[in-house]
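Shared between the two complexes below is subunit A, which pairs with subunit B and subunit C, respectively.
Let's turn to the complex of A and B:
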């Protein structure tokens, strides 16, 4: 009897909350909010809030074409690989204290899982055998290297701040620490790290100034150039969920101490904060900037953003 | 239930791919005007796709020249079903003032089935939006026919 209930609760966690269904619905809603607000900022009316849902279902109903030169298996598995890793990541990010799978070093697990959606894009792109995809994946790799460095420094900073003498990579402990000592963002030495993390989010998700890998006007959406139908729908869903996962990670790492005691209310506040972060670091930057060149992107992340993160790391190491 | 949702979404998120088969650029500018803030076709879900693989509606402008004929046919083959072909302006209908030129092969309907044809030289953005909206409805019908 007990095993059945554990299996059922685990299935619920993976499939409904906070796994598949929750992540997909909130992710697509965030993507819709992003598109709608972007349109309003450009003085347009913009698509309805549910537009990403329509896009997803429409792509599901389209024919799936597999190009002749493509490696069939890798071409079809890549989007699923990215999707699964994102769902697993969602299970490790606590929604204000509610975390179904808590371990000692889930921050490191998340750090590794974060690279998989980008790797899936690279695998899918290179399997499709298109020269546009070739350019796209080389750019995607450079983008990955660019944002990974500041991201690791930010996570180290958080681990050091929470751990004191030793590094703590447990999400549970980070949440508990924040509940006791105040939100991490209220400690002034971590504000540069928070800004650096906010700047990492658009590159990780791949929105406007940092979407060099998927530049649809110059290289026809890069790695996605040969995708159509259901696999493309999967990739679009991945981008939407990535939006939610990255903003959720920021929300938990820097504003993680909030706890009202009711799970539903907690989730609501969590999603609301995620929406604000989405607008702040993706929509706003999208509306006021044009696409960067790949070398400028790389330079931006390895100088400005890394410096911000490093300042925080040094301050925290000095005990501030 | 999913079939119904998919068919309904078909009409609500048509992605456009634009081919210029030798147009004078007039119709292309009007098509771009449709997507700008003034007319904002994105409020109906229209989006300019970067590649024919992502497209639902293929918009063709210009008479079919001997250089573009082969490329047009190849591009149309790359678009996944269900798809719609929309012609913009007088040129794809009748070759317009270019008729009789040594390099012009003929109107678009000689090479593919045209679902919606928007007349004018050049058509107004309002007319283009109306034509594209009709094409979106045709997409939904095609999808419903596919499901049966």
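Let's turn to the complex of A and C:
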């Protein structure tokens, strides 16, 4: 009886909350919010909030066409691979103290899991055999190298701040520490790191001005150019979930100590903060900037953003 | 019944003996030749594997005096073999590599001539590396290093009809000889000081008595083993040797020859000199390691040849190992050993897939390959496993060991308060991402992308070549998922052996020697690893995967329609500029140049670093000598 309960609870965690269903719904909602608010900022009316859902289901029903030059298996597996790793990542990020598996995760694991969706996109694009995809994956790869440096520094900063003289990479402990000592964002030495992380989010998700890899006006969505039907729907869903995962990671790392005692209310506040972060670092920046060139993107991340993160790291090492 | 203490020496002698038997009896007959080689390799494997129980599980130390020349009044006069968990660990890596390379060679080398010579050299190399890691005598170690170097040189130049093979062999010879000479000079100085060549006795004699002479000896041997493990700046000839040697030998180079250098380094700093509690030395090792991993990976990003690219990654990964063992902590040493083992597995695997590509397609030039996944699906799967492992994606083994390395370096930074180690952690993490990017490039250039017209008839490689690849793939996954088992039965005993020197000395020189010399053990707390649970991760992954598959399969249009090939599909060459290595007139970026943005922003660095790799052997020799001088100065300034 007990084992059945355990299995059922875990299945619930994986499939409903905070796993598959929850992540997908919130992710698509965030994507819808992003599109709606972007349109309002550009004085358009914009699509309804639920438009990403309609898009997703419509694409699911469309025919899947596989190009002659493509490697069939890799072409079809790639989107699923990215999706699965995103869901697993969602399970490891605690939602204000509620975390089914977070004792088994640490920052390094999260860091590596974050690369898998990008790799899936690259493998898929590469397997499609299209010249546009070839350029797209090249840019995606350089983007990945670009944002990884500041991301690494931010995560190490958080670990140092929380750990002090001992080593703490554990997600659980970061949450506990914030519950005790106040939110990390309220420590002024971490504010540059928080800004750096906010700037990493749009590159990781791939929104303008950092969407060089998918630049639809010049290389026809790069890696996605040959995708259609269900695999394309999957990739669109991945982007939406990635929005949620990245903002959730930010919320957890820098605002992780909030606890009202009621799980539902916690989750609601969590999602609300994620929405605010989405608007702040994706919609707003999207509305006021134009796409960068890849070499400028790389330079931006390895100088400006990394410097912000490094300032925090040094401040934290000085004990501030 | 031969007792277990004879096994190591029989394994080494068997390999050397068979090296000559192959040439005498097998020069003409294929069957006899293969039989002798396989018996030698499998025999060595079986003999070493049978030592797992006494050495690793029961914690015994096996000692063996050749010709029964036991120590006389406290002085070792004969050559002794001494096997503790540390050299057992490396011996296991060596015999596994020998066995798999021997199986692979049968088909892979079948098209070459003078195979008798090839197998003679191969078995000489195998025997020398095995002897090197098993011996307890420092001059015997030098002899093995010499045999290893010259067998490697000859094997590098084995395909001397190929462009650059002789040149690569020549460079290897020069730099390798410089390394050997440094080691010999160091040994001579030690012998003058301690009047013995036995490592255990030297270790006891050197306790609390570092004189300028021994510091010089230490610096010279440090440089010597640095050459053998190809750390920057001694690495340049290694890249060419890996590239031009037959691929089975490239795998042997990365699987055990540079591990021999790493082993020598660990033995030197942890056991002979027991110098790892010196903070400056830790920093020196970590610096060399960090520079090695960064330069290795950036050079790899600029390569256009599959094997040369792998060679630079090999250098880069050894940088991780040297960094980790340089930390001087239990977690660090375990991480370094684990990464050394994983490097043997995944880099061996990657070299074997490169060999398969060379065998099937006839080239390893990344600009001329493409789309092979359709023709060689099994090789592609093996390659992807190797690529994911080396890039450190969970749950493969590279992730587990790199994860330990990050923990160890950052812990070191936190406990010592030294910001330099935090910087090392950052570099290590970023290098890991660059490794991933570099392997995506290979995946795209070799296995995906478009299939060139001249490769339409490529076929999958024979079964005998695939078997070693599969074995290594399985080991890559298993050692990643069950890293706790590896840690418990392999890493912890080996790390303990390196830290607890008294047992090593007492076993060889008689009980009480260590205590009399004032040698004390460094107390070892087990490393704590608990946060990463790959099995849980895999279960979660599987559940989600199943759920997704159910959803996808219930959809009706998921099978997908494959488009028919149309007339103007890629035939007229108008897309060639997007895939080829050549720049076209209207574009400043070549299609295969996947890191253009990165290289553009770092063009100063790349220009400098590629200029440094001039290909001129006198330049490389100059680096080696300058680096040795630098090491000597560093040792005198900081360590003494």
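A few points about this structure:
The criterion applied here is as follows: the second predicted complex is superposed on the first by the 318 of 320 C-alpha atoms of A that agree within 3 Å, B and C clash if a C-alpha of one lies under 4 Å from a C-alpha of the other, contacts with A are read in each partner's own complex, and residues count from 1 in each chain.
Assume a contact is a pair of C-beta atoms (placed from the backbone, for glycine too) under 8 Å apart; a residue touches a chain by one contact, two chains touch by 3 or more.
In this text the structure is predicted, and so the values were computed from the model without any measurement.
In this superposed model built on subunit A, subunit B and subunit C occupy separate space and fit side by side.
By the touch criterion defined above, A:62 reaches both subunit B and subunit C. Of the two partner chains, subunit B is the only one touched by A:232; subunit C is not. Residue contacts after overlaying the shared chain place A:106 against subunit C, while subunit B stays out of touching range. When both complexes are overlaid on chain A, the residue A:190 reaches neither subunit B nor subunit C. By the touch criterion stated above, A:246 is placed in contact with neither subunit B nor subunit C. In the superposed model, A:220 lies in contact with subunit B only, and not with subunit C. In the superposed three-chain model, the partner touching more residues of subunit A is C, compared with the other of subunit B and subunit C. Contact with subunit B, but none with subunit C, is seen for A:53 once the two complexes are overlaid on the shared chain. In the superposed model, A:43 makes contact with subunit B only, not with subunit C. Per the superposed model, the minimal spacing between any CA atom of subunit B and any CA atom of subunit C is 8 Å. Taken together, the two complexes place residues 60-65, 229 of subunit A in contact with subunit B and also with subunit C. Across the complex, subunit B meets subunit A through its residues 2, 5-10, 12-13, 37, 40, 42-45, 48-51, 53-54, 56, 78, 80-82, 143. Only residues 371, 373-374, 392-394, 399, 403, 406-407, 410-411, 414-415, 417, 419, 422, 425-426, 429-430, 433-434, 436-437, 440-441, 443-444, 447-451, 531-533, 536-537, 540-541, 543-545, 547-549, 552, 555, 557-566, 569-570, 575, 578-579, 591, 593-598, 600-601 of subunit C touch subunit A when the two sit together in their complex.
Residue ranges of subunit A in contact with subunit B, taken from their complex: 35, 39, 42-48, 51, 53-58, 60-65, 132, 216-217, 219-221, 224-229, 232. Subunit A meets subunit C in the complex at residues 11, 14-15, 19-20, 60-69, 71-72, 74, 76, 80, 83-85, 87-88, 91, 101, 103-106, 108-109, 111-113, 115-116, 119, 122-123, 126-127, 129, 131, 134-135, 137-139, 141-142, 144-146, 148-149, 152-153, 156, 159-160, 163-167, 169-170, 229-230, 293-295, 297-299, 302, 313-314, 317.
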